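Okay, handing you the structure first.
Should a chain be cited, it is by its letter among A, B, C and D, assigned in written order, with residues numbered from 1 in that chain.
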Amino acid sequence: MLNLWMRTSALISLLVVVVMLGFLLQQSWPYWQHDGLNPLLSGDWYPYEHLFGLAAAIIGSFWAALIALAIAIPTGLAAAVMSTEILPGPWRSLMRSGMELLAGIPSVVYGLLGLWILLPLLQSNLHLLTGHNLLAAGLLLSVMVLPTIMVMTQDALCEVSSHQRDTAASLGMGWSARLWRVLLPQAWPGIRSGILLALGRALGETMAVMLVVGSMDRIPDPWYNLLAPAQTLTSRIGREIGESAFGSMHFSALMACGLLLALITITISMLAHIRSDKISVNRP
Amino acid sequence: MQRISYFILAAVFLGAQAHDAAAVTLHAAGSTTVLPVVSTAAAAYHRQHPDVTITVSGGGSGVGIASMIQHTADIGMASREIDAEEAAKLNGKVDVLTIAKDAVAVVVSKAVYVGGVHQLSLRQIADIYRGKIKNWETLGGPDAQILVIDKEASRGTRHVFAEAVLGDAHARAPGASVISGSNNEEQALVAHSDQAIGMLSNAWLNDDVRGIAVGEGNKAIFPDIGHVRDSSYPISRSLHILLSKKGPPEAREFANFLLSPQGQAIVKKSGYLPVR
Amino acid sequence: MNTKKKITAIAAAAPQQVAAHDAGDISLHASRLSLALEGKNILRDISFSLPAQGINVLIGPSGAGKSTLLRCLNMLHTQWQGDLQIMGRDVRKWPDSEDGLRRTIGLIAQKPTLFPCSIQQNIVFGLSRKDRNHMPENRIKKVLKQAALWDEVKNRLHDQAATLSVGQQQRLCIARALMLSPNMLLLDEPTASLDPRSRQFIEASLLELSENMPVLCVTHDIEQAKRLGGKIIFMCDGRLIESGDSKLFFKHPNRIESREFLRWSVCDCS
Amino acid sequence: MNERCAKTLTIMLALPALLLPAACLLYILFKGIPALDWAMLSGSSQDAAFGSISALWPQITGSLLLMLGACLLAAPVALGGTLFYALAANIRQRKALLGIMHLLVGIPPIVYGLCGLIVLVHMLHWGISLLTGMVILAVIILPMLLMNSVNAIKRIPSEKTAAARALGLSNGQLIRRVWLPAAWPALMTGLLLGMARALSETAPILFTATVFSGVSWPDSLFSPVTSLQTHLFYLAQEGANAEAVDIAWASAVILIILVTALSFGASALRNIRMNG
């Protein structure tokens, strides 16, 4: 009985992965068969003309995630350093609670905040036609991934042994030298995992991005123009999945978006997992 | 542990089942233009027939029609005609009932309207959506770039608008600068901007979101109920609900309710033109 | 940049001035040091001084507060009360802050702690970036010889430091501390976890080093204290019980706690 | 001097992380509390028409039902998987299981939604339903729960297990009498965090489990529900309707209160584990 339960559970876990990837591939197969990998290079997405180019959405997804990381990495690292290396104990846990609170706010609430605070701000301060753009998505995402980076960095910094800290201090190294030459290098594997997880989360976030990105299937022109409405993979799926008929080419193309997203994020989380695999696999 | 949890699961299931054995739940999905009518009517209908519950979700006309093809809803809502491809898939298994008429208003931000743009010809609107006209100044308005709002490809409003203005229901709009989804989302976009143009059912017009007249010179026509009734407004349409021929009889009764004087009163209150 | 240079210059010059002034008399003077952590008195009224050179052994049962005292001396603990002068200078008013003080005092921990890089990089780890990059070979050779490690590592300076045995690692820690040219060396049970051979090496090099600077070595091992000789400071339960010449202490301990400790290696001072 | 500069710079960089949580929370409370009154929480959504749906009970019920269902489905599997890891697996199987869990954690929730749409809604013909939503959310929280409980079991000192083994306890006795008493606070912490996660996921249930309106209590596991999360999304798009926006902020406050209560519960349990 116990044995059956244990093995069924493990099998279900395995089955979930197989079923998910299998059906995504099966449903997106007509799409891949239709055009091969060409649509990955084209930005034209006109479902009624059977043009399903993914380039605009892929580029948009990565741009939004990169903006998010560019803001969240320095801030998150600084916040983690501040809470573990500068602030005394009670403040540390207060900051941590703040971060957990930030992490607990559902993404759709962030969407609401973005729609009501961020977009009008961007629109009026940058004199834009509309605040809907990649920058807005990136800014919103940076708030959402900040807790991931900060908490992972905090854990990694706390794991650096007190012997290392004391030894560095008794060699007369100053605060910043200890930080740059001892603490950050030794915490790097943990920090790296945090950054990769944050990247995965930023790429896969749907609701908040969908509300602020503008949903225009256009490759940014010029390529660094982040102030025009754009599209991401997740926002494309979220907006169009309801309107595509099951089994149609449109549906298949959306499934291809999903498969692509899954493959990218799986690669990222595996990279984060492999190096940070510190959990020993011994019998408890 | 495991047995307990399955017990609870079963209890929830049975409890939910036993809640009201005679109850019927119908599901309506589709156009957000039709949604307010059906949503309000569903609530009124439920008060009269407590054993019938009608759940309503949006998604657009494309969803309404697709959900009939896929049998994921009992009542489809559409604010445009069914196209050939969809008709082939439906294969005559669905009845289409027209419950109301509506104009797709060409709307501009309040600042643009106040700035002098009160009417545009179909050609000028087409040029805006094709990206040939980019500034309101060209059209006699304030010196401001035009924020051209397009709608998601599946929305009925867009089909009707694109057919009348661009000549094809699925025509591209290369001049568009942002895409919106529901009527509400578009209404918010226009209201928040000072230089926007968009397309909206005339039930959504208000002080911040002004409808403009469409046509040449003094033949331009404002999108109001009177002009929809006499079919003089060029971008108008019928609002439909779709019923499967083999669907539950309660769905048909609800459709009859929509066409009854009480239902049509709701249509009128929602800002559309009753058909009866 | 300028300020920094100046401060470094002052720090380097300070000990020599003091040495001239105090004429090889006293290098460290502590009076009435007390420390309470989380409401517990760890150190109570400790007063002692160290001569300008020679070996000093801080002995006592475990839990006596020996390691804590060492950490107070180089300001790893800062909450202590009392007065502490090193090279005739108040440690609280050190010109180059705590970091400058710590460069003047080499502290070697009980557990050898190396950084995850090569042997050579470990030796120069405490130096500024400029000094790290242009460190003459013979300077490294000199400190490694002083720590009795040169022969074992001369051909593998670029190997990972973690490949060394624990005994070698502890000697590497001593070499690393010497690289900063400290004026004083503090060691916290440096041989507690080592094999007898490494212990022998380290004791020998400590005796040699103590000819030029004061060395304060913490131990709970009576035999080791006897071997090292020099001056004995005996601590128990956060109090300094007795201090004096090694030979005298072992032959005629004055206090009952000292006698008890010498016989049983434990004592009850409370 | 240099050190002080470095510290100041760090604090300046970290400032957003200090201010943002407070700012976000205060803004939401500031907007939401005035809109949140008891009248909103009472009554049924059937009484109110579109856009003025002010009774949030059906949405709260739907969210909680989805959450509880997801936990009831996921918890036994997570516990079983943990026991497999601890008792039956060899090293390779352990690595594989952990690898699979890390892989699942990385996949974005919307992809789970897509798979649920293919397999559950269309292939198994469950339709847009409560059960579909429960299963999808269960799969989303499964890796969290499993990894958490694996860590909890690992933290039990191996001497305890060895002592129990030496007394001749069977696997079942070992689990019931040694592991569960020692690990339950940690297991519950994980479960609470999983519940919080299930409450805040929106994208995967948007098109697989929920509808816009019309449900006060689902008739069966196979009928759709309304939920706070998706309700918030629909309302978020209605920028121009002042009342809808108020309700949106009120929903946000309720959602955050629920989620925060769960994570505070988790923290409290974590402290029990530390003390006891």
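Here is the rule we go by: contacts are C-beta pairs under 8 Å (C-beta built on N, C-alpha and C of every residue); 3 or more make two chains touch, one makes a residue touch a chain.
Keep in mind the model is a prediction, meaning the values are calculated, not measured.
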Shared chain contacts [chain B and chain D, defined touch]: A
Chain at maximum distance from chain A, centres defined as averaged CA atoms: C
Count the C-beta pairs in contact for A-C and for A-B, then report the pair with the higher count. A-B
Chain nearest the overall Cα centroid: A
Can you give the whole-Å distance between the Cα centres of chain A and chain C? 49
State, to the nearest whole Å, the distance from the C-alpha centre of chain B to the C-alpha centre of chain C. 82
Averaging C-alpha coordinates per chain, one finds the centres of chain A and chain B separated by a number of Å equal to 34
Between chain C and chain D, what is the separation of their C-alpha centroids in Å? 54
Going through chain C residue by residue, note those that touch at least 2 other chains and give them in order. none
Could you list which residues of chain B touch at least two other chains? 2, 70, 181, 189, 192
Among all residues of chain A, which ones touch two or more of the remaining chains? 5, 174, 242, 246
In their shared complex, at which residues does chain A touch chain D? 2-3, 5-10, 12-14, 16-17, 19-20, 23-24, 27, 74-79, 81-83, 86, 95, 97-102, 104-109, 111-113, 115-117, 143, 146, 150, 174-176, 179, 197, 200-201, 203-207, 211, 234, 237-238, 241-242, 246, 254-255, 258, 261-262, 265-266, 268-270, 272-273, 277, 279, 281, 283-284
For chain B, which residues count as touching chain A in their complex? 2, 59-60, 62-63, 66, 69-70, 89, 145, 147, 152-154, 170, 172, 176-181, 189, 192-193, 195-196
Flag every residue of chain A that touches chain B in the complex, lowest number first. 5, 46-49, 119-120, 123, 129-130, 132, 214-216, 228-229, 239-240, 242-246
Can you name the residues of chain C that touch chain A in the complex? 71, 74, 76, 99-107, 109, 111, 113, 115-116, 125-126, 173, 176-177, 180
Using the touch rule from the top, collect the residues of chain A that touch chain C in their complex. 161, 163-164, 166-174, 181-182, 185-186
